[in-house]
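Note that subunit A is present in both complexes that follow, paired respectively with subunit B and with subunit C.
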Partner chain A sequence: MVIVKRKELSLRERLYLPEVVRALSFTFRALFKRKITRQYPEEGLPVTEVTRGQPRLTLLEDGENLACVSCGLCEAACPAYAITIDGQETDRFIEREPERFEIDMLRCILCGFCEEACPKDAIFMSDELELADFTREALIYDIDKLKRPKAALQKRIDYFYKVNDRWRKPSSTS
Partner chain B sequence: MEDFLVILLKVAAIYGGVIGTAALYTLAERKVAAWIQYRIGPNRVGPWGLLQPLADGVKFIFKEELVPAGANKLLFRLAPMMSAVPAMLTIAVVPFAGDMTLFGVDTFGAIAKIDMSAFYVVAIGGLGVYGIILGGWSSNSKYSLMGGLRASAQMVSYELSLLLGILSIVVVSGSADLYDIVDAQSGAIWRWNAFQQPLAFGLFVIATFAETNRHPFDFAECEPELVAGFHTEYSSMKFALFFLGEYCAMIVMASLTTTFFLGGFEVPFWADAPWVIQLAAFGAKTAFFLFLFLWVRWTLPRFRFDQLMSLGWKVMLPLSLLNVFLYGALTSFGAFGD
Partner chain C sequence: MTRIILNGREVEADPKQPLIHACHTHDSDVPMYCYHPGLTPVGSCRICQVEVKIGEMPPRVVVACRTPVTEGMIVNTEAPGAHDARRQCLEFLLKNHPLDCPICDKAGECDLQDYSFNEGQGEGRSVEPRRQLEKRKSLGDVIVLDQERCILCSRCVRFFEDVTKKPQLTVAGLGSRSTIETFMDRPLEGNYQGNLADVCPVGALTLKKFRFQARVWNLKKSFSTCGECSRGCSITVEVLRSAEVKRVRPRYNPEVNDWWMCDTGRFAFPAWNDTERLSGSATHAGASIAPKPSADPTAALDEIAAMTRVASAETIAIVASPWITVEEGALVKSIADAFGAQATFVSPPANDLKDDLLHTGDPCPNRRGLEELGFVAQTADEVATLLGGSEAGILIGERVGSLIGAERLAAVPSTSRIAVLDTELALFPAACVSIGVPTSAERTGTWVNVDGKRGRISAAKPAPTGVTALTHTLEAILARVARVGVDG
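And then the complex of A and B:
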């Protein structure tokens, strides 16, 4: 049991009106204070170094082909079963590439496991945070919607290696 | 014929003005609330959100009209009107400006000029509570009923202080005509009743808050306990009508406080100002009280119901009676004769 001792009010406080005046002067000053509202669609959300947004696929230096070799590790790591990959063979040196790579953004929980699972630095969490459309189908992103030039993801890649240096050596993306 | 047209014009201007002000006042409420809480407030509809009231109106029209089962249908439909109409009727005698000439017709800045307008205001204004009580009772809902009951108890307690405040003004001014009351305050600024009778002014303002069911006395609504009080079961335009009634009542009360205590349309030290300037002075004084309503609402927490009652009966009423006796005695000894 807790016994709360009420504070003895002074005469000024018991008269109530002086305290009302004090409160009113406080709120009147608040009228002119700086506003802290963020006007969202115009003013974006703050993007910092550690921002972990939606996953995106990186393109190789040639800007045309994906770094992905469709090994399926991210698909297996995904706790929400958001990733679907169909692989196919290719004449390029890496021999395999995805024919279909879809992330169901409605299932994705932005956990970043795919990013950690990937051995080829092909998928990274971008700083893109906004997700809205009119149908569910439109929110199942395919390769065209997912691919990004590597420069667009560079900030996240640098941060990723900085924190993961302890147990993982940088590997080449080729 | 021209007299008739001028009266029609005045009626249209005053009612249009009051309803327009009420619409803007709902926006002002949200804006002031936002500023006090370091927010910006509605700013998406039109420049500075000025069309927000219009958007709200459209929204209300498209809402579903719901009458709860077991409600008294007639009274349920009647109640919103009964809360909006008295406020509108009261505004008819409020003097917005002094004598004026419109299109060659000599007239005055109010819809009606009657001898007992100070008491007409109280009599009609007191009817406003019926809308709330009937709305609460006819909804067949426990929350609404509690809201209505509280509103009636509150109105009865605070109407006394309101009336006694007006009474002491009437005694000192020697007339119950609002125009005479305003005339008695003309000239120097210290002739305003707010400075002549500071005690009555303070009590009147507090009673005004209770009369219009505003914070810190909004027991008819009282969200945390009664959901939304008397209008819990109301939706669509019926709810909007309650809302309009509440804001019109606030405008009426603000203009009455101006008339009784801040010299109405009188411009200090300029007794025969043109009517446009008088109207502007009246608007400025009323706007101050309208702002006060918002300012207090977003500052003070709600009272407890027993605190409200003990404040009304044990503090406000004795002080009001004392005030009436004091100023009655002073007047009969000729302190205010000029």
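And then the complex of A and C:
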């Protein structure tokens, strides 16, 4: 058991009004300070290429096909089990493409492991941060919701290569 | 047994087996690509090189798969010379091997991938482009060949030479232009082609049915027994996301199937993934429209007890499927004994798949087990006659309806009341009671194969909602009919 002793108030404090005036002075002083709040929905958050937003799939240069080959490495790397992939055969040279690629955005913890695991530069953390919908099902994103043209992710791709070059050896595989 | 010194440890080795076998049995992971314990060793990949010292000779680097064990030989698998030799071999094997791991079906269980990963040799020194060969060469209905990935270990060639004894593949071409080809580009034949995908140490030979279906590390593997013939090959059932059987592979069992299995058994699994099946239980009571199945089997079980109560003992037919396990069979036998009836099982005619390797031609996996329990085998016609003359019949086990046949079942008069415990109902227009049962991928039990060897089947995936274990259902029936016996 802890006995808490009530603090003895001084005469000034017991008079009450001076304390009210002191408190209000803080409030009015803040009116003339620099604003640190933001009108959020109208004013967006500042995003840079370092921002690790929601993962997105990149499209190839042709703008049609995904760069993803459904190798399942992001699925295996994902610590939150947010990714589900089913592969299928394609006539393209790469032979394999995802039939289903789903990211459960409710599970995604935006850690960026998928981006690091990907051997095909197919998944990158975009600068998209907002996530709201009326149903849970709508927040399980499929390919249509995830795919982005490469240009939209180019800043992140460049940044990713810049930081990873510190430990990445020059690849000799063609 | 021969005594050898392996990595400083004195161990016993089987003199009939090559040195690599002794290394593997004594926890020394010598890599291997061309060596397969079921095939003749040829020593073509040279990846199993180890250092061996015999007597007063200086130590030499030899391939472990082609070296017989001799008394007192000193083997060092991790000697610098041997290790370097293996490393250089690996570099040459990887010289033309494409970096296909992200799309390769073998990734995750690939010997080449595992060993390259262990060695950490992540960079190639070669500047020449890799071999460009055919990546999607179809070899018949089962197998597709990726010639670029092939490391020419010739395991597939030897599989046809040693196991099926009908050579169909060969290494064609010379030197770096060598490829695996069929004779005259004919498609592969036979019932054992699926094994090629298992013997291939890399992803060159893959199954068309498994191509790009799943990543192997996502598959949950459970040990089971094949139910497509009375051989009862040991298998591994691989299930994706606890829902869908994606692949069935043979499991080493020296007493039954060694390393192999036939394509009939290997590709029988799609039936397990069928979602349109009987789940839950229902009492039909002569209704023409099938009632909605209920998850609670009490009413159906009571109905079975009621319909057997009104029937006289000699007119009760107990017909099981040869797919039921010994455990379930014992319960069925007890139920039959409670009535004083004869337990029978449907015995389909032998099919024409019999060969001299594994397939017995008899499609019943548990014929011997049921016969040992005292069941009587009856043909579909005999069963139809039996059902026609009976007042109450209980049909038990998966496939029992399809084994008897839709026409024979439709001809059963409405005076005989039939209870069905099967996975499908469409075949039984006259059924009074239906209870869904799990398939052999969803049950646990024992089958006895044609030679009396026991094979365990285990539940690879959960049964659909409303389907309880067949042993539970049979126990509930037994409890009810035993009570009937006491009362009556």
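One rule holds in what follows: the second predicted complex is superposed on the first by the 135 of 174 C-alpha atoms of A that agree within 3 Å, B and C clash if a C-alpha of one lies under 4 Å from a C-alpha of the other, contacts with A are read in each partner's own complex, and residues count from 1 in each chain.
As a convention for this text, a contact is a pair of C-beta atoms (placed from the backbone, for glycine too) under 8 Å apart; a residue touches a chain by one contact, two chains touch by 3 or more.
Given the structure is predicted, the values throughout are model-derived calculations rather than measurements.
Once chain A of one complex is fitted onto chain A of the other, the partner contacts of A:Phe28 are limited to subunit B, with no touch recorded for subunit C. Legend: residue contacts after superposition of the two complexes on their common chain; A:Pro119 is shown touching subunit C, with no touch to subunit B.
Once chain A of one complex is fitted onto chain A of the other, the partner contacts of A:Leu153 are absent, as it touches neither subunit B nor subunit C.
Which of subunit B and subunit C touches more residues of subunit A is settled by the count: it is C.
By the document's definition of touching, neither partner reaches A:Ala67: not subunit B, not subunit C. Once the two complexes are overlaid on the shared chain, A:Glu89 sits against subunit C while remaining clear of subunit B. When the shared chain is aligned, subunit C comes close enough to touch A:Glu75, but subunit B does not.
Touch criterion met: A:Thr37 reaches subunit B, while subunit C stays clear of it. Of the two partner chains placed around the shared chain by superposition, neither subunit B nor subunit C is touched by A:Cys108. On the side of subunit C, the complex with subunit A involves touching residues 99, 101-103, 107, 122-126, 129-130, 135-136, 211-215, 217-218.
Residues of subunit B touching subunit A in their complex: 32, 34-40, 295-296, 298-300.
Looking at the complex, you find that subunit A touches subunit C at residues 69-73, 75-76, 86-89, 94-96, 119-120, 169, 171-174.
Interface residues of subunit A, counted against subunit B in their complex, comprise 20, 23-24, 26-28, 30-37, 39.
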